[in-house]
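Two complexes come next, and they have one chain in common, chain A, joined by chain B in the first and chain C in the second.
Up next is the complex of A and B:
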């Protein structure tokens, strides 16, 4: 926008009094309460819907003749409904809810036109309902991560655009001179998502050129949307809960721009060995390996912020989920860099290993950070404490053990599958049979995750309806009453 | 950071730059590729079958790309020669795939040219391939008392067949099999060096 468009000169004041800050925070939360709750409610519904489809898809590997009487229940549709429900329904909507709650607090200005955000949330839900119906009825664009048909995509492109507009104007009206790391990540992701989503859906190319566009988008849905939005939340909650600043501003800066530059070029590692020019695949492999720079910068930054305060993980559910999610980010990113190397990729490329890796990323990293965000934000929006510490513990441990079993089993099983497939002296069926015990373990891990979601959804329902007894401190700390203990002075 | 416009421009630039490198440059390079006459466009029935293939999500378990012998054992498995961009000239959308829960299908029409085999396999994969994880696609077939003229009757092994009835292929099954049988990239390549050198 041009400088003439700014109506009044902005007075920046970086150190207001505590009273002013608290008044501003209350005003910020008031402006975001409606849209954030709508995004959060919707996300929980899509989480449950997506989990059930995921579990059905997984069980079909144990019972391939189960639910085969109707086309809409065939594996190829149920699996696709699962992916779209959890990626665009649960993860994306929960990320947007978290983002629009954080931004007004961080820039000290109320959300611009909350009604825009409400329209965006309803549009997003309409997109999900129509999109899943289309996929289940066999109407699909046929490209991974882009299955939902183009006419329906227009709805989410407009919703995403409205959302971005609301957030951009909010930031333009900020009262702070600097904007914090979380704002960079959220702003950039909100600009990136409409760009990549619209461009990828333009029917410009065919054949392998379309495969190139497909994976430019497919990986950027993670790299330029889910990852930066999740990191923005982690950069907010870790210092917030600990009450200490992030370790290094410069590391944040390196982490952000290196992520923007390298992650955006990662996509074609999904096409290694495929019929594309070698140079373009090598470009993506190089960028994938270079991802260790932003990942290490972020990991060191988080670790040095946490150091000496890891005991707080026992007492804050937000911190526990967010910090475990951030640690999984480091693990899954390093795994991704290794997976992109040709020598490793030729084994695991077409196997369940990739599925394990994808779940570790989207669920273990983004999902965990989102659970943590919910635990922090809702008490402030509902003016109520979470009713049960036990339910939070059950949620954490079932989700955590579930994803560890899930990803662990598929990474081992996928590796063995790839070894069997590369050995031409073994029949192809060897590569199928060898995965079966691991696919059973995946169903067990997946079931634990589904249980955790049902517990979480039930607790969420109790929370938003303000069930249970009024509390003056978090239910989580009932047993140890951490708030009463003397803090270490270091 | 406090310079909003610099930040904004940087963010947009990274996404556009990535599109330029990963999508536009390959497009420009590949539009110079010489088409091969031996590869014919899909027929109407084959295209309809291709939509069935997409709608049922076959691509989530079956790739359509054959890797170079230096990189994998695809060729030794009888999946065909390494595939090149020219082989996908008529593919909208592309169906390269990323999984091999089942085998690659780029040359399934060469490897398994029998319609009868495909019908039986789609109706009950485990009747032909013990231990297979492929779902059965019973909804692509109708069970009747007796076949009408023009029906394609599926031979179903004993134990999988409904007693006293016949199984016939519905139009979607016929189209899908038309498409599968059309998957043949066994012609020689015009200029094998063009792509391998990467420019």
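Up next is the complex of A and C:
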């Protein structure tokens, strides 16, 4: 005889006592400690590896005969290794670490099967080692953002699946009735990214279709993976550090749905002038312009949350990095909308302008939010304050001045390069020579960023090994107590 | 209709809809069942101070 199973109703406890909530938070942090630290350690290693490859690639513009004797050190491979190391190694692993730390806290449930997330992190590292080895040895799929060969991609698809499974079951076991907006962004990214990654890697497309799928994926790796994960972190840390709820919860949802609707259509503006149907390109340009809506929603919300508290940027490294990253998100998104217009794109396509724009997005926006996340999460995971306020300041100012010089120089140089290329009366070499001073500025800005990463990695090593004097106040704000900065919990 | 006119027309309609959505989002109350959602980012030992600050801000407004 069979019996019909009656599902147990989910009991939500929206107003437990303070003691219960604190106990849940401690349990949540304990469950995420191992996987988060593994993702964070790995991300810092890939940040350094990717930075060195990036600096080598940039220096080759000044010294084109340097490191040309070995095939694996030529520009095409080193530059590709740089992109994959920072996009999939540093940015993605740090975003995942941040997400699996936030989610259990936000849903008041410990991370489901932390061992799954640990296996995922090791798998992701295996993917990175094999992928970079393949790219440097000349084995590549030959599409930007998809260079790592398909057989190796299977490893990251499985690893990401394990991590997503752990997070999704954690959310299913939540003790809260509502989703905070950060949960919306993280869950959506964890659904979207596997779809675009697997689809783009299917061996079904050729010729123009392959190019179309390539840029549909390439832009969505930023728009449906890096952007929502980063915004989820910003929506968490800005209210958290300020001790003030987000200005408008409704507006944050307007931003979420507008991003979901418009960003997925953006990629084909990379193929303006290419052999795609005009309506495909025009739809993409329209969606790119409409991205102003989610960006404005986020900017208005963050600004109104910050109003009257901008002085806090002086005292909280988390807030400084996250707010600057959010401001850069606004700038780079508006820049991207303008760049998608045919009249503008005609000038900057195939120039250094695009390189500057891409770095402003992935590094200035996502990278800065991730640095801020590290500064908040690590003291709570390690029960130890960051040893040196000076090192944090050096990190911030070298990183910030580096990206400003880098992106500013390439946008100006790229514009001049594009105008020279369009002028039929000028020889092509004019468009090359005109970029030389701007490429030197690129190397100077890039060097500053590399210095900032070395300082950050050294400070990170001190932190996780609990070096330096014990502190009972955050190192950054030692000149003035910052009351709203929450204290470590364990 | 040229591609440029199409982009302008869609963006104009979208812009008007966005303004309405922004106005609704910032002026209306929270979703009736999500009033607490925006507080979920705070841990329980932080909440009393946050809610007190909210109440004072409302009184000032």
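In the analysis below, the second predicted complex is superposed on the first by the 472 of 490 C-alpha atoms of A that agree within 3 Å, B and C clash if a C-alpha of one lies under 4 Å from a C-alpha of the other, contacts with A are read in each partner's own complex, and residues count from 1 in each chain.
One rule holds for everything that comes next: a contact is a pair of C-beta atoms (placed from the backbone, for glycine too) under 8 Å apart; a residue touches a chain by one contact, two chains touch by 3 or more.
The structure displayed is predicted, hence computed values, not measured ones.
Asker: Mind checking the superposed model to see whether chain B and chain C fit together on chain A or clash?
Answerer: Once both complexes are aligned on chain A, chain B and chain C fit side by side.
Asker: After the superposition on A, what does A:456 contact: first (chain B), second (chain C), both or neither?
Answerer: A:456 sits against neither chain B nor chain C.
Asker: What is the contact status of A:197 with respect to chain B (first) and chain C (second): first, second, both, or neither?
Answerer: So A:197 meets neither chain B nor chain C here.
Asker: Given the touch rule stated above, what does A:65 touch, chain B (first), chain C (second), both, or neither?
Answerer: Only chain B is touched by A:65; chain C is not.
Asker: Does the superposition put A:25 against chain B (first), chain C (second), both, or neither?
Answerer: second
Asker: Of the partners chain B and chain C, which touch A:172 in the superposed model: first, second, both, neither?
Answerer: Only chain B is touched by A:172; chain C is not.
Asker: Report for A:187: first if it touches chain B alone, second if chain C alone, otherwise both or neither.
Answerer: first
Asker: Once the two complexes are aligned on chain A, which partner has more residues of chain A within touching range, chain B or chain C?
Answerer: Counting contacted residues of chain A, the larger count belongs to B.
Asker: Using C-alpha centres only, what angle sits at chain A with arms pointing to chain B and chain C? Round to the nearest 10 degrees.
Answerer: So the C-alpha centres give an angle of 120 degrees.
Asker: With both complexes superposed on chain A, which partner does A:386 reach: first (chain B), second (chain C), both or neither?
Answerer: A:386 sits against neither chain B nor chain C.
Asker: Tell me the contact category for A:289 with respect to chain B and chain C: first, second, both or neither.
Answerer: The second partner, chain C, only.
Asker: Chain B to chain C: minimum CA distance in the overlay, Å?
Answerer: Scanning every C-alpha pair, the shortest chain B to chain C distance is 7 Å.
Asker: What part of chain A is shared between its chain B contacts and its chain C contacts?
Answerer: Looking at chain A, the two contact sets intersect at 177-179, 253, 278, 342.
Asker: State the interface residues of chain A toward chain C in the complex, per the touch definition above.
Answerer: For chain A paired with chain C, touching residues are 14, 16-18, 20-22, 25, 105-106, 176-182, 235-236, 239-240, 243-251, 253-254, 258, 278, 281-282, 285-286, 289-290, 293, 296-297, 300, 342, 484, 486, 489.
Asker: Which of the residues in chain C come into contact with chain A in the complex?
Answerer: So the residues of chain C in touch with chain A come to 3-4, 6-7, 10-11, 14-15, 18, 21-22, 24-26, 28, 30-31, 33-34, 36-46, 49-50, 53-54.
Asker: Going by the contact rule set out above, which residues of chain B touch chain A in the complex?
Answerer: The contact residues of chain B facing chain A are 1-2, 4, 7-8, 10-12, 14-19, 21-23, 25-27, 29-31, 52, 54-61, 63, 65, 67-68, 71-73, 76-77, 82-85, 87-103, 125-126, 129, 131-139, 195-196, 198-199.
Asker: Quick check on the complex: what are the chain A residues that touch chain B?
Answerer: Listed in rising order, the residues are 60-61, 64-65, 68-71, 74-77, 79-80, 138-144, 171-172, 177-179, 184, 187-188, 191-192, 195-196, 199, 203-216, 220, 224, 253, 257, 260-261, 264-265, 267-268, 270-271, 273-280, 283-284, 342, 346, 349-352, 354-355, 421-424, 428-429, 431-433.
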